[in-house]
C-alpha cells in the first residue's frame, strides 16, 4: 500500500524524522521542519511525546503548526507556560530534555551547525538570524537530531562559523571534558535526517556518514548534494516508506496550518 | 511607583538619546506601539537589547534610532530575514550598527541575573561555539567547588525596559499572562520601566501565583489598546501573521520601508500607531 | 515518569540509608506523612536538607534517622526551639548530628542552581557574617567583568526530594498553589522525587502560568489526604497552630517524645500517620 | 488625651517602630515583633506600606498577624506569591526593598545581630534558630530597622556570633567596599527600637547611641539594661506617646490574632 503513495522528498524527510522520536520522549523543538516532524510524531505513533518550545511552553499539543516559536496556540495547549529564563535554566540546562531537535542553515562533516552567517563575521556575505536557543539545546539535551534539506550549499566540509556544536572542528570536542561537564553534555547529533537520507556520526571519528537512503535515492544523488567526500556505512539500509496514515496526517496538519496562518486576524480567530 | 502617563509622556521622560533600552516580549506582547513612539520622538544612538529583535527592532534600526544591538536571534519568525537589520549590519545604512551577539540561554540568564541584582550570570553554555570568539562579553568562570569551567556573561541592566501586558489595576499593578518571556526580568533588571497595557480594570482576577508586577516596581504605565499589534495579546487579539509576511517585501527596499514608516508610524498618533 | 505508588512503596524504593534527602515546604505543604513513613521504615544516616527544619525534622532527628542536617533556620515558628534538634546538636542524642548552616538566601539560590543544572550558586550574601567561618561550603567568587567579590555555595542536588502538593491529574502532573516555597526547585534539583498529594482529579484547572510539575519530572506520586498536617494545604485545611504549640512540651523531654512518636507514628499506618 | 493611656512598654515599642515606616515604604518583614509593628503601620498612618514576607508573599495585607512566616493568611491577602528563590533573588537581592525590619536574640554596640547561638559554635551554650533570611535582608535592603526588647542579655558589648551584619566588629564593615558592592549594600541598621528607647548609629563611629527615650524611661534604666557603657546623643528627645487610635488598633489586632491562632483547626476555619 504505502509504496504506491506519491510521497515528496520533503514528506519523506518529515516522516523519517518523526519516526526518530519515541513515545514519551521529551523533545525540545526548534521551529520549522523539526516542529513539523515532532508534531507528526505526536499525532501518529508517539502520542505522549512531550514537546517543549523555547517560548516557555511545556508539554504543548498544538492543533496547527506554529509560525513562530511563541504562537498563542503553543501556550493554549500547553500543560503550563514558564518564563523563558526558567525554560532555559531548569528545563533545558537542568537536564530534562531527551532530544534537542534542530534545523540549520549549514552543517559540516562533524555535524557542527551554522546559523550565524556566511563569510566572515565582521564582513558577512549573508547574515543569518543567529544562534537563538540552538547552542545550548545542542549541548544540554541528551542527544540531538538535525533535520535539514540536502544541498551542497548546506552540507559543507567545514561551516563558516560554529554557532552550535556538533563534534567540533576535528570531531573530538565532546571528549575529554571535565567530569562534571561530561555529566551534562549530551551525546550530540546522533542523526541527521535530510530529504535524501539519514546520516549518523561514525562511532570512531564522528564524521557524518550515510546509514540509510530514502527509497529511490541513489548514492550519487547524496554525493552530489554533499560538500565533502561523503562516506557510506558498510551496510546502508533503505528508509522505510511512509505509511498512508502518516502521509494523511501530515498533509492534514499542513493544510490546517496553512489555513490558520493565511488568514488575517479574522473575527473568527478573535472569538476563538 | 507607577504613574499613569500618556505613551508620549512616558517615552519622552524615560527614553533618552544614548540610553540602553530593552523592549521585550517573546513573540507575544511585543511593545510595538511604544517602539513606534520612540521612532516618532526620533531617539538616537540607542543601545537596543532584545533576544529576538523581530519587526519592532527592524523598524527602529531602519529609522536610525540605534547604534548598537544586543541580541540572540534576529529574524522574522517563519518568514525570513530582518532586512533593515541586515542593511545596517552589512551596509551601515542608515547608520552603522554594532552588534553584540549571544545565545537565547545566555540572554535569558543575563536578564535573570540583572533582575537578581548580580553583575554576571553563569551558564552551562557556548560549549564549542564560535560565539565567544566574536563577543568579548562571553567569558569563562571556574566553579570553586568542582573546578568545572562554565560560561559567564555580564548581567543585563537596561536604563529602561519597555513591555506590554494585558492589564493593570487602578493602582498600577500589572498582570502578564500566557507566554511571559523575559518581561518580568527585563522590568526588574532596569532602572526605569514603561509598561503599556490593553486596559485598566478594577480587579486583576489573577491566581495566587500569577505573574504580577507590583506598581512599585514600575515607572510608568500607558494604556494602549492593541499596543502589541501586529504581535498578539493572549486573551485580546491574535498575531497578525499576514502582516508579518507582508513585512518582508516592505522592509526589503529602503524607499518602500521609508514610505511605510512615514505613513503608518510618523504620521500616526501615539494611540493609532500600531500598523 | 511518575508512578502512582503507595507511600510505603515510594519511600521504600527511593529513600535509602545514607541518602541525601530534601523534604521541602515553606510552612505550607510540609510533607509530614512522608516524613513519618521514613521514620517507620527506620531509615538511618540520612543527610537531611531543609531551609526550615520545623517539626518534621525534629521528629526525624529525634528518631535517629539523620547524621547530618543542612539548613538555614531551625525553630518552631512563633513558638521556640526544636528540642530534638538541639538535643542532637548539643548532646549528640540519640545520635550525633553534624550541621551545615546557611542563610535562606543561600539555600534558595543553591536549590535554584541545582534545578538549573549548575554546580554552584552565586549570591550577594553573607557580607560581614560569621557563617562562612563555620561553614567551609561558603566560598567567594570574583565577577569576571567588574572584579566584585560575591558569595558562592554548592548547588543542592539531593538524591531524593519529597514534597506535598494539592493535586495530581490522572497522568501524574501536579499542581502546587499558594506559598510554593522551593518545592519546584527541590524536585528538579533531585535525582528522584516523591510527591504526596491530597487528591487525584480529572483536570488540574490551572491557570496558564501555574506552578505545575509535569509527570515526567517526578518519580513517584502518593495520594495522601491530610499529608501535610499539622502544617497546612492551601484550599484544603488550615495549619494546626495548637499542635505546633503543643509540640514544644512533647519534644522537650526525651521520653515524652518517644512515647508520642510510638503512639502517633510508629503504631500508625501510612495513611493515618499525620498526627 | 494620649498621655492618659495606660500603655505597656511593649506597646510603646511597637507603636514607635510602626511610626518609623512611611507610607509607600517597601518593607521586608521579619516574623514576630517586626511583623506586629509593620502591620500596625499599615492599619494606621501608612495604609500603602508594602509588606513582603520571605515566604514569597508580595504586598500582603493580613487581617491577623501570622504565627509563622508562611501562614496561609499572608498568601490569601497578597498581591501575588512568588517562589522563595525568586523572593530572595529578584525582590530582596534585586534591590527592591526599602526597609528590612528585623528582630534578634543578641545585638551589640555596632548593631551586629546574633540569632545563631550563645557560646562557642561547636559547643554552644544555647543553640538559637539561625540566620534565616536576616543576613541578606540586612545587606540588601536600603536600610534596616531592628526591634528588640531591651535587656543586658540581649544588648551585649560584642555578639557571640555575627549572624547578620550591623556595622561589623569595629563599625567599619560597610565602608571601603568594592564600588559595585557599595551600589547594593544598604545603609545598615539606622534605628534600633526597644521597649525603653530608640537608638541610632553614631554617624562617625557607628556605635549605637540613644537618641530618644520613651516617656517615663530614665537614662539609668537604659544603662542598666545595656551590656556596654551606652552613650546618649547630645540632645536626647522623648518619643511621642502613642495615640488612642494606635493603641486601639494594636490591641484589636493582637486580640484578633490571639483568637485566630488559639483555636484548633476548627470547622469554621476549614470552611473559610
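Every chain is named by a letter (A, B, C and D) in the order it is written, and numbering of its residues begins at 1.
Just so we're on the same page, a contact is a pair of C-beta atoms (placed from the backbone, for glycine too) under 8 Å apart; a residue touches a chain by one contact, two chains touch by 3 or more.
Keep in mind that this is a model prediction, so the values were computed, not measured.
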Any chain that touches chain D and chain B: C
Pair exhibiting more inter-chain C-beta contacts, C-D or A-C: C-D
Gap in Å, rounded to a whole number, between the CA centres of chain C and chain A: 40
Centroid spacing, where centroids are CA-atom means, of chain A and chain B in whole angstrom: 28
Interface hub residues of chain C, defined as touching at least two other chains: 112, 117-119, 123-124, 143, 146, 148, 178, 180, 184-185, 208-211, 234
Per-residue multi-chain contacts in chain D, two or more chains: 75, 81-82, 89, 93, 140, 180, 184
Chain-level touch network, classified as line, ring, star, complete or other: other
Chains grouped in pairs wherever the two touch, ordered by label: A-B, A-C, B-C, B-D, C-D
Contact footprint of chain C on chain D as seen in their complex: 31-32, 54-57, 66-72, 74-75, 81-85, 87-89, 92-93, 112, 116, 121, 124, 127-136, 139-140, 161-165, 168, 173-174, 178, 180-181, 184-185, 261-265, 269-270
Footprint of chain C on chain A - complex, ascending: 24, 26, 50, 58-59, 75-76, 78-82, 89-90, 93-96, 140, 180, 184
Touch list for chain C against partner chain B, complex: 117-120, 122-124, 137, 139-141, 143-146, 148, 150, 152, 154, 177-178, 180, 207-211, 234
Footprint of chain A on chain B - complex, ascending: 26-28, 51-52, 71-75, 77-78, 81, 85-86, 89-90, 101-106, 108-109, 111-112, 123-131, 134, 143, 146-149, 178-182, 184-185, 211, 232, 234, 237-242, 244
For the chain B and chain D complex, residues of the former touching the latter: 1, 112, 115-119, 173, 184-185, 188-189, 206, 208-212, 214, 216-217
